Structure formats: structure tokens, C-alpha cells
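Consider the two complexes below, in which chain A is the common component and chain B and chain C are the respective partners.
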Partner chain A sequence: MTSALLVQSAVIGLSIGSIYILMALGLTLMFGMMHIINFAHGAIYMLGAFVIYYVYFQWGVPYVAAFVLAMLLLGAGGYLVERSIYRPVKGGIEPTLVALLALTTLLQAAGYPVFGTLDKHVPPVFSGTRNVLGVTISVERLMIIPIAAVLVVSLYVFINKTRMGAAMRAIEQDKEAAALQGVNVNVINGLAFAVGFALAAAAGALMAPIFKLDPMMGEQPLLKAFIIIILGGLGSIPGAILGGLILGLIDSIVATALGAEPAFLLSFVFIILLLLFRPTGLFGHAP
Partner chain B sequence: MRHWFPLTWVTLFVAALLVGVAPGNGGAADVIKFGVATPLSGPAAPWGIPHKGATELIFDEINSQGGLEVGGKKYKLEVIAYDHKYVIAEGVATVNRLIAKDGVKFISILGGTVVKAAEEAVNEARVLNLPLAYADGLVSPKNPYTFHSFPSPPETVIFWNWIKQHHPQIKRVASITPNDDTGWWSLKVETKYVEKLGYEVVAREFFERVVTDFNPMLLRVLAQKPDIISVLASPAGSVGLMIKQARVLGFKGRFIHIGQMDTSVVAGIAGKENVEGTWVHGYVQTPLPEKVKSWQARYTKKHGEWNATSIDFANPAFAFVAAVKKAQSVDPKKIAEALSTVEFDNLWGKAHFGGKDYYGIGNQIIYPMPFSEVKDGVAHLVVQLSPPHN
Partner chain C sequence: MPRSAGTAAALIVVLALLLSLPFVGGDYYLYLFALVFTNIILSASLRPSLTCGQLNIGHSAFMCIGAYTSALLAKNLGVPFEVSLLCGAVLAAAVGLAIGYPSLRLRGVYFAMVTVAFVEAVRLIASIWVPLTRGNAGLSGVPKPTLLGTTLATRTSQYYLALFLMLVVLLVLYKLEHSRLGLIWKSIGMVDTLAQSLGVNVANYKLLAFSLGCFFAGVAGAFYAHFIRFLFPPEFGFLLATNILIYNFVGGRGHFAGPIVGAAFLSLLSEPFRGSPYETIFFSIVMLATILFLPGGLIMLPGKLAGLWRSASSTYAPSGHA
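Moving on to the complex of A and B:
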């Protein structure tokens, strides 16, 4: 592998990693607070992409407005899911998991009659290419990095610098104690669902002009997001960031050097070895 | 109580009459059920939708003329289609359902991995299969009831001779193909053929059908400086992403697909300008012969939207109808015997089943295959070629 190829694959790895981070953020947030794995994350990612397809591509609304709308719509959907699924089962982990799995199946199955059976596409929002460290990369891929960074920083500020974020952290540490201190656990849980769903929608909305759209498009990113949050530590936002970058670089550099299958294998070997020595992942902590 | 008995008998008599005239019951013996197991959703739907649509059109046209005459009796043709999403487990389930529940004796399966997985079920039930699928060993003496109805890589590789003659500057070939039965076999056949022609195969890569980011794979491939990338057996959606991403990485050469893909789907994803010059087998948008133009008008009228893939995917229905007419029987064995010898018209000319020298059995469709080049986003017919074997 030449040095030019190494640089090229590293730059591409960073862009792939940024996509992975976006997917993993919402997932890890919801796990951290409520200890549930949101199986519907991939389906919400798909819906976010289809909002862009209709609102931006078909109806001609500016991309930024369509992007914000996707986050708001699906964020509201997340709040409704908390009200209609999570709250009625009183936060029971297993019933919620099964219900979210059912929701995923429903959304994917409904996707074909609603969106059509053929793959859809969205024209590029950011066209052209740029040379980065001697590597040609599309502007639309490059733009993922700052947009992902903005979303990560916004989430960090929200969690660490706002009263609602403080309430989320309090629930994460001790739900009963937080409730005794006057935190409205139901409202904050609903907010966590809304933020988690909005982040998945943001990832889908960003990917829509880059990849093709179909009702099953969220499955592969969801699998990657699961790997990342286990690697980074369940519930850890810094872990999701580092995990996303590590996996993106493995997927790109190893796949370029040795092929896609060794890269896939290596990512799992890496996780197994890591979990042997750090069972809670890079930044996770024991419950 | 006295009135109950006559009333009961009258009711039963009326019910019997109704049952007797109900469609699909009393007439069941006069219906030939034809199963279609194909992807109607998911990435391979651009193949499955015209597969079903073409079969329905041919059968509807025959039904509108009173049906298919067999042994002095008119039969209606009925398509029973299920979506298998190009997923092996669903494919096997749909084939089993067609055979066991719907009782079909004739079937057309799309997808190499699916047809191989369902091979045993099809053979055990002695169902006549007219698949559209690439898989090693599919056309084989051990599958006497399988008549492959679309040109496979052993036939379509002939286009490389045309490339060698008309574009001698192309020397280095890279191949990217799905990581399954269909991809492995297609790659094996094409590699062997092009190497014999003197091409250098500089890269061979396999991808999972769910992959959307081809950048790492393309970096490996482009590092070998290919003149052309063969994406044989890849679905249109995947090819669109490959082309889009390869162009960003600076690849200026051509793409070729000797399987079949809808280049309008590819252009939609990759951008019209990026698909320019792509060669494809089995997908032609212009110029269309008169016979195909008529087919286009009828297909559009029936389905509301034209799909050029339907031209070549009409083969199973054309072959089946011709064989039933020749056999004058609805027995799968007799129809299979007829298929071995019948010559029939498809939309590109005369077709028959042959290829015994290559496969050991003459169950591969043979006809003058169309090859196109994408110019300004439209697939232009450049040549029709006969396979290297008859």
C-alpha cells in the first residue's frame, strides 16, 4: 500500500467514520438514559432520508429547511413513541425492545407500498470535488464531517450545559433519586426519545443525497452503530465518537489494503479483544 | 317443519349451481397456473417487476383471445407471483408455497442464489422451471426440467470479442461482483474468457449486496489502473453507487455489465454524465425494432409505465407458450421435451434452447443477444451477437 493510497483511504475513513458517529449518537444516548437499544433507529434513519427525498427533491423546499423538518418531524415521532410504547409499559426494557422491533418491521414493510419498490435517489446538494492532502473527495462527503461535528458539539452542550441535559444525566445516574429531586422523568425520557430519533433522522437526511434510498437502507448503518456503541462503551457519547472514527478507519484502510471481508472480520476481532480487557468498552462504565 | 325440506333442497341446489359457475373453481381444470418467484421489492426489484409484468402481458393477450388451445381444449393462463426480495430464505419459501399450496407445475424463478437454493424442491416436485438466473451448475443434466431463459455469462462474454475488435486500447480489466453464487460464477466465466482473449484482469472484488459505500473497494481497484470495470451480475442500484463513487475518485474509463441492468436507474443514482459510455447486455432503449416498439406500446398500456428490461425478461413466457403449443399437453414432462426442440420468436428474433456442447444439456436459451452503449443517458443498441455455442 503506497503512502498516497494510505492517506486517501484515511481521509475516506474519516468521512465514513463521521457517518457512523451520527448513527451511533442517538442510539447511545437512549441506551445511556433508559438502557434500551432502539431497534427502530435504522427505520428512523430511512424515514429521515425519505423526508429529504419528498420535501427537498420532489417539492423543491431548500435542503436546510428539509433537513430541519426531518429532525423535527421524527423527533416528534420519537416523543410519541415514548408516550405510546415506553411509558405504558412503565419503562420495561424487554417489552420496549420487542415493541421497537415490531415498529421497525412495520415501518420497513409499509415503506414499499408507500415509497415504491424501486430504489430512489436524491440529487447532490453539495456538488463537485476537492483535493484534501492530495486526495480527491466529493464535497458532499466532506460536508458530513463539519455537519457531524456541529451536531456532536450541540448534543454535548445540550447534555452538559442545559437544565434538561442535567436532568438527563441525573436520570442516567439514578432515576429514582432524580425523580425525588423534582425531575419529571416522563418528560425527560420523552425528550431523550425525541433527541435520539432526531439524530437518526439527521443521519438519514445527510446520507440521502450520497447513497440510494430504499425501505431497508437503515439496516446496515444500524449494525455499524451497534458495533460502535459496544466498542465505545454503551451510553458513552465520547465513546460513540471514538468508536465511529476507529470503525470508519478500519473499514477504509483495512478494506483498501486487504479487502472488505478482512476489514469486517478485523472490526469484530478488535471488539472481542477490547472487551476481553475492557468489558465496558472504551469509555463505558459498569452499571 | 314440512316446509324445511324443500327449502333446504332448493338452497343446496342453488348453492351447487353457484359453485359450479364460480370462476376458478368449476373452471379450475381449464386453468394453467404459472408461478413467478421474483424480487418485487428491494435492490433487485428493477429485475423482478418487469419479469412479472412481461409474463402477465403475454398471458393476458392469450387469454383475451380465448386462451391457449391444448388438445382441442382452451386453457386460461394464470400468473401467481410472489415477492422474494432476492433473499434466499424468502425465495425458498415462495417456491415451496407455489408448489405445495398453489399447486403450480410451471415456474419462473429470478435470482441465481434463490434458484440454486430451491433446486432440490423444484426437481423433487418435477416442476418445469424457466428461470432468469446466473448460477454455476444451474443448466446441467441433473436439472432436466430447468430451461434457463436468459443469456448467461458463457453466452454474453462474446461481447468481449466485439470490444477487442472495436476498442483495442482497452487492455486492463477490473471486476466487481456480488459475493454470492451468482457473482462467483459470473466472475469465473468472464475472467477465463477475457484472459483467453489476452486481457489482463488486474482486480477482482466481491461485495455484499447490502453495501452502499464502495469507496474502500474502489480505492483498491483503481490503484491497479484498470481501463474498464466489469460490474457483472450487480443490481442497478449498486452499480449506480459504484459509478458515482468511482468517478469522484477519478476513474475515467468505461463500465460494462454483461448481465442485465436498467441503465436509467443507474443514471438516476450516478448522474447521466457519469454513466456515459457504459456497455450493457439485455437493455435497449433505442433504436427499437418494430416488433419491440409494438411490445413497448402494449406493455405501457397494460402497466402504465414502460420498462425496457421487460423485453428480454419476456423469454420465459414466450418459451413456455411455444412449448405448450408444440406439446399439445399440460404435462411438464411433455412440455420439457417440446422445449428441447421448439424454435420460437422472442422480441429479438428466433430463439431456441441449446448449448449442449458447453453445458452437457441443451437447456440454455440461444438467440441474437442485444448489447447497448449509454449515450447521453440513453441505452443505444450497438450490436446483436449470437453466443459462442449453439
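Moving on to the complex of A and C:
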């Protein structure tokens, strides 16, 4: 592999890694508070991409507006899922997980009759290429990095500097104690669902102009996000960010050298070894 | 075995009906029911793991391992069906041990995520190992099942083979569930820290429940391979794994019959649109409705209806101390 190819893989890895980070952050946030894994995250990513397809490409609304709309719509969907699934089963982990799995298969399968069986494509939003360290990269892929960074920083500020963020951290530490201090646990859990869903929608909306769209498109990013949160430690936000960067880079470099399938298999073997020798991940608390 | 005479009588009637199906139904029904039996093996073999409180979302991967192992041994090396089936099941159980050992010692969600990723890993291996598996072109020409050197060429004989395999698997699983081992599994599922404090090696018993399930999923896969005679990697993906879980939850978690009822009910009802997105939509909606409105699953339905009937027919409302 030449050094130019290496630089190119690294930059592309950074932009793919940013997408993975957006996916993993919502997952790890929801896990930290409710001890659930949102299996529907991949389906929400898919819906985020389809919002861009219809609102931006078909109806001609500006990309930024379509992007914000995707986050708002699916964020509202997240609150609805908390209200109609998580709350009625009284926070039972197993029923929630199974219901989220069923929601995933429902959204994926419904995608075929609703969106059609043919792959969809969204035309590029940002055209042209840029020269980065001597290699040319498409602006489309480069732009993912700052947009994702803005979202990550906003999430950080939201969690650490606002009252609602403080309520989220309180629930993460001790749900009962938070409730006793006057935190409305149901509403804040709903907010976590909304934030997680909105971030997944943002990831899908960013990838829409780059990859082809089909109802199953969310499966790969979801599995990648699983690997990242195991790598970074379940519930750890810095872990998710670092894990996302590492996996993005490995993924892009190994995939360029060997192909996408071996890259996935390699990361799976790596996770199994990690669980054997360092089960808490890079930043995790004791499991 | 079953406690009441009524249950025993019902079982005998069902068994007699199943045994006589070849005399009344055509090949289509034999084919359909053989697939239902395969689904019941898959569904019931997930139960030990679920009883321990482990959400295995990767059962189809072990079916896939059993199917390809048995098919390739029979097709390429001419291994007899009885042996190739056993090899497929043993390999599935061995892989289950290797995957379960690192992930079952941790919190349940780790295991759930690892199994989901494993389904994808196995599907990818089956798709890209083209020289062995023919990849996404599919593996065709798998030999028909044989028994003691005789090929089971007719649908009727294959139907009886499926029925026999299902009955053996169900009997073994039933005996295990009602043994000391089954009690330990149940105690782990209820409060694993308490079970541990009483001296139960929780991780090992979870591992045993999981790999036993993998073994029987391998049996189901091996039968499926020689019955359908064509293997296609995407069939063993996330969707099938989710369906096996759905059988268990829709049927009901509280009783041994739950996964059997769930698999039979859903596979028969979805038959008109098998393989289309509408099958998945139907399964998912039934699953969500079950979680929200009938958390005990279908096996709780008769009791619930009887309760409703009693309260409707009684002259006074049983209020206050319900």
C-alpha cells in the first residue's frame, strides 16, 4: 500500500468513523441510563437517509432544512417509542429488547412496499474534491467530519452544561435517587430516546448522498456501533468517540487492503478477544 | 411426563393426527409441516438459553453451521446422513462454546450484541468462502437424507424423519427442563446473583444451556439442508434469528409448550405470504402486540379468557381485592 493510499484511507476512515461515532453515542447514552441496547438504531439510520431522499431530493427542500427535519422527526419518533414501548413494559430489559428487535424488522420490512424495492440514490450535496496532504478526497466525505464534530460537541455541552443533561447523568448514576430529587425519570428517559434517535437519523442523513439507499442499509452501521461500544466500554461517551475513530480507521485501511467482508470479520474476532482479556472495554466501568 | 390425563389425551390426539397426515394430505402439506417441525426444533432449542435470562439473537447462525457442515460432508465426501447430521450439530455446539465462553460471563446485553454480530459474521463467511460454499450463488445438489444406507426419497419418508427428529429433540429438552439442571437454569434466570451465592457456577450453566441449544439448532439446520437441498447464505441472517426469538415470546416464556405453540402458530398463519416482506411485518406486529397486551404469550390466552368469562358471568364484580 502506497503512502498516498494510506493517507486517503485514513481521511476516509475519519469520515466513516464520524458516522460510527454518531451511531454509537446514542446507543451508549441509552445504555448508560436504561441498560438497554437500541436494536432499532440501524432502522432509524435508514429512515434518516430516506427523509433526505424524499425531502431534499424529491421535494427540493434545502439540504440543511431536510437534515434538521430528519433529526426532529425521528427524535420525536424516539420519544414516542419510549412512551409506547419502554414505559408500558415498566422498563423491563428483556421485553424492551425484544420489542425493539420487532420494531427493527417491522421498519425494515415495511421499507420495501413503502419505498420500493429498487435501490435509491441521492445526488451529491457538496460537489468537487479537495487536496488533503497530497491526496484528493471528495468534499462530500470531508464535510461529514465537521458536521459530526459539531453534533458531538453539542451533545457534550447538552449533557454537561444543561439542567436536562444533569438529570440524564443523575439517572445514569442512580435512578431512584434521581426520582427522589424531583427528576421526572419518564420524561428524561424519553429525552434520551429522542436524542439517540436524532443522532442515528443524522448519521443516516449524512451518508445518504454517499451510499445507495435500501431498507437494510442500517444493519452494517448498527453492527459497527455495537463493536464500538463494546470496544469503548458500554455507557462510556469518551469510549464511544475513541472507539469510533479507531474502528473507522481500521475499517477503512483494512477494507482498502483486503475488502469489506474480511474487515468486518477481523473486527468481530478482535471483539471476542477483547471480551476475553479486557471485558470492560477501553473506558468501561466494571460489568 | 404431563401431569393431567387431559394433557396426555390431547398429546396423543395431536400425535395421532400428525402420524396420519401423510394419508390425508398431499405432498404440499407434508412439505409445509416438515418446515414447521424444523421451526419448532429451532424455537424450542432457544428456550434453555432464554430460561437462563440470555437473549440469544444469533440462533440462525448455528442452524447455518449445521446445515453447511452436513451438506458439504454428504455432498463432497459422501458421508451418510446420520453421521453428517451429528457432525453438523457437534460443530454448531463447539462454535457455540467458543462464542459463549467470552460473552456469557458478562452482562446479558454483551451476549445479545455478540450474537447479533455473530449472525452477520457467519453469513459473511458462507458468502465469501466461495470455493467451499459456492457463496451467494447458493449450494445446490445437496443429497437427500439417508437412513441406514437407504435414501429417503419420498416426501412422506422425509416428513416422518422430521417428525421423528422433532419428537426426539422435544423429549430431550423436556426431560432436561424438568431435571435438576432445568431448576438451576430457572434459578439463574430469576436471580443469578442469588443462584451464584448458593454455589451455582452461573457462567458454566449458562454456557451449557447455550451450546446445547446450538447443538439442536445444528440438527435443525442439517435436516433443513438435506430436505430443501439448496442453501443460500442470506436465509440464515438476522431475520431468521429474530423470528426464532419471536416464536418463543409470542408462544409464551412461562411454559415448555410456549415455543412450540409460537412456532406452529406463526409458521402456519404466515404461510400464504412466506418469504415476502409481509411475513416479517406480520411477525413484528404480532410480537409488539404480544409484548404490550399479552406479556405471557399465547399459552396464557386460555387462562385469561377463562378469567374474563368467569368475571363476566359472576353476579357481583370482584373489585377491591383483585
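The criterion applied here is as follows: the second predicted complex is superposed on the first by the 268 of 287 C-alpha atoms of A that agree within 3 Å, B and C clash if a C-alpha of one lies under 4 Å from a C-alpha of the other, contacts with A are read in each partner's own complex, and residues count from 1 in each chain.
Operating definition for what follows: contacts are C-beta pairs under 8 Å (C-beta built on N, C-alpha and C of every residue); 3 or more make two chains touch, one makes a residue touch a chain.
The structure presented is a predicted model; accordingly, all values stated were derived computationally and were not measured.
Participant: Check chain A with both chain B and chain C modelled on it and let me know: fit or clash.
Facilitator: Once both complexes are aligned on chain A, chain B and chain C clash.
Participant: Considering only touches as defined above, state whether A:Met217 meets chain B (first), chain C (second), both or neither.
Facilitator: Touch partner of A:Met217: chain B, not chain C.
Participant: Looking at the overlay, does A:Asp251 come into contact with chain B only (first), chain C only (second), both, or neither?
Facilitator: first
Participant: Should A:Ala194 be classified as contacting the first partner (chain B), the second (chain C), both, or neither?
Facilitator: Neither partner.
Participant: Decide which partner touches more residues of chain A, taking chain B and chain C as the two options.
Facilitator: Of chain B and chain C, more residues of chain A lie in contact with C.
Participant: Between chain B (first) and chain C (second), which does A:Ile93 come into contact with in this model arrangement: first, second, both, or neither?
Facilitator: second
Participant: A:Leu155 in the overlay: touching chain B, chain C, both, or neither? Say first, second, both or neither.
Facilitator: neither
Participant: Just chain B (first), just chain C (second), both, or neither: which does A:Ile12 touch?
Facilitator: first
Participant: If we overlay the two complexes on their shared chain A, which of chain B and chain C does A:Tyr112 touch? Say first, second, both or neither.
Facilitator: After superposing on A, A:Tyr112 lies in contact with both chain B and chain C.
Participant: What is the contact status of A:Met34 with respect to chain B (first) and chain C (second): first, second, both, or neither?
Facilitator: A:Met34 sits against neither chain B nor chain C.
Participant: Please work out whether A:Val185 is in contact with chain B alone, chain C alone, both, or neither, and reply first, second, both or neither.
Facilitator: After superposition on chain A, A:Val185 lies in contact with neither partner.
Participant: Is there a shared patch on chain A that both chain B and chain C touch, and which residues make it up?
Facilitator: Overlap of chain B and chain C footprints on chain A: residues 112, 219, 261.
Participant: Please name which positions on chain A make contact with chain B in the complex.
Facilitator: 2, 5, 8-9, 12, 16, 112, 117-119, 121, 124, 129, 136-138, 141, 211-212, 214-217, 219-220, 251-253, 255-257, 259-261, 263
Participant: Where on chain A does chain C make contact in their complex?
Facilitator: Residues in contact with chain C: 31, 35-37, 39, 84-85, 88-89, 93-95, 97-99, 101-106, 108-113, 219, 223, 226-227, 229-230, 234, 261-262, 264-265, 268, 271-273, 275-276, 279, 287.
Participant: Under the definition above, what is the set of chain C residues touching chain A in their complex?
Facilitator: Against chain A, the touching part of chain C is residues 53, 55, 57, 99, 101-103, 105-110, 112-114, 116-118, 120-121, 124-125, 127-128, 238-239, 242, 245-246, 249, 277-281, 283-285, 287-288, 291-292, 295.
Participant: Which chain B residues qualify as touching chain A in the complex?
Facilitator: Touching chain A from chain B are residues 40-43, 45-46, 49, 179, 205-208, 210-213, 215-217, 219-220, 223, 236-237, 240-241, 248-250, 265, 268-269, 271.
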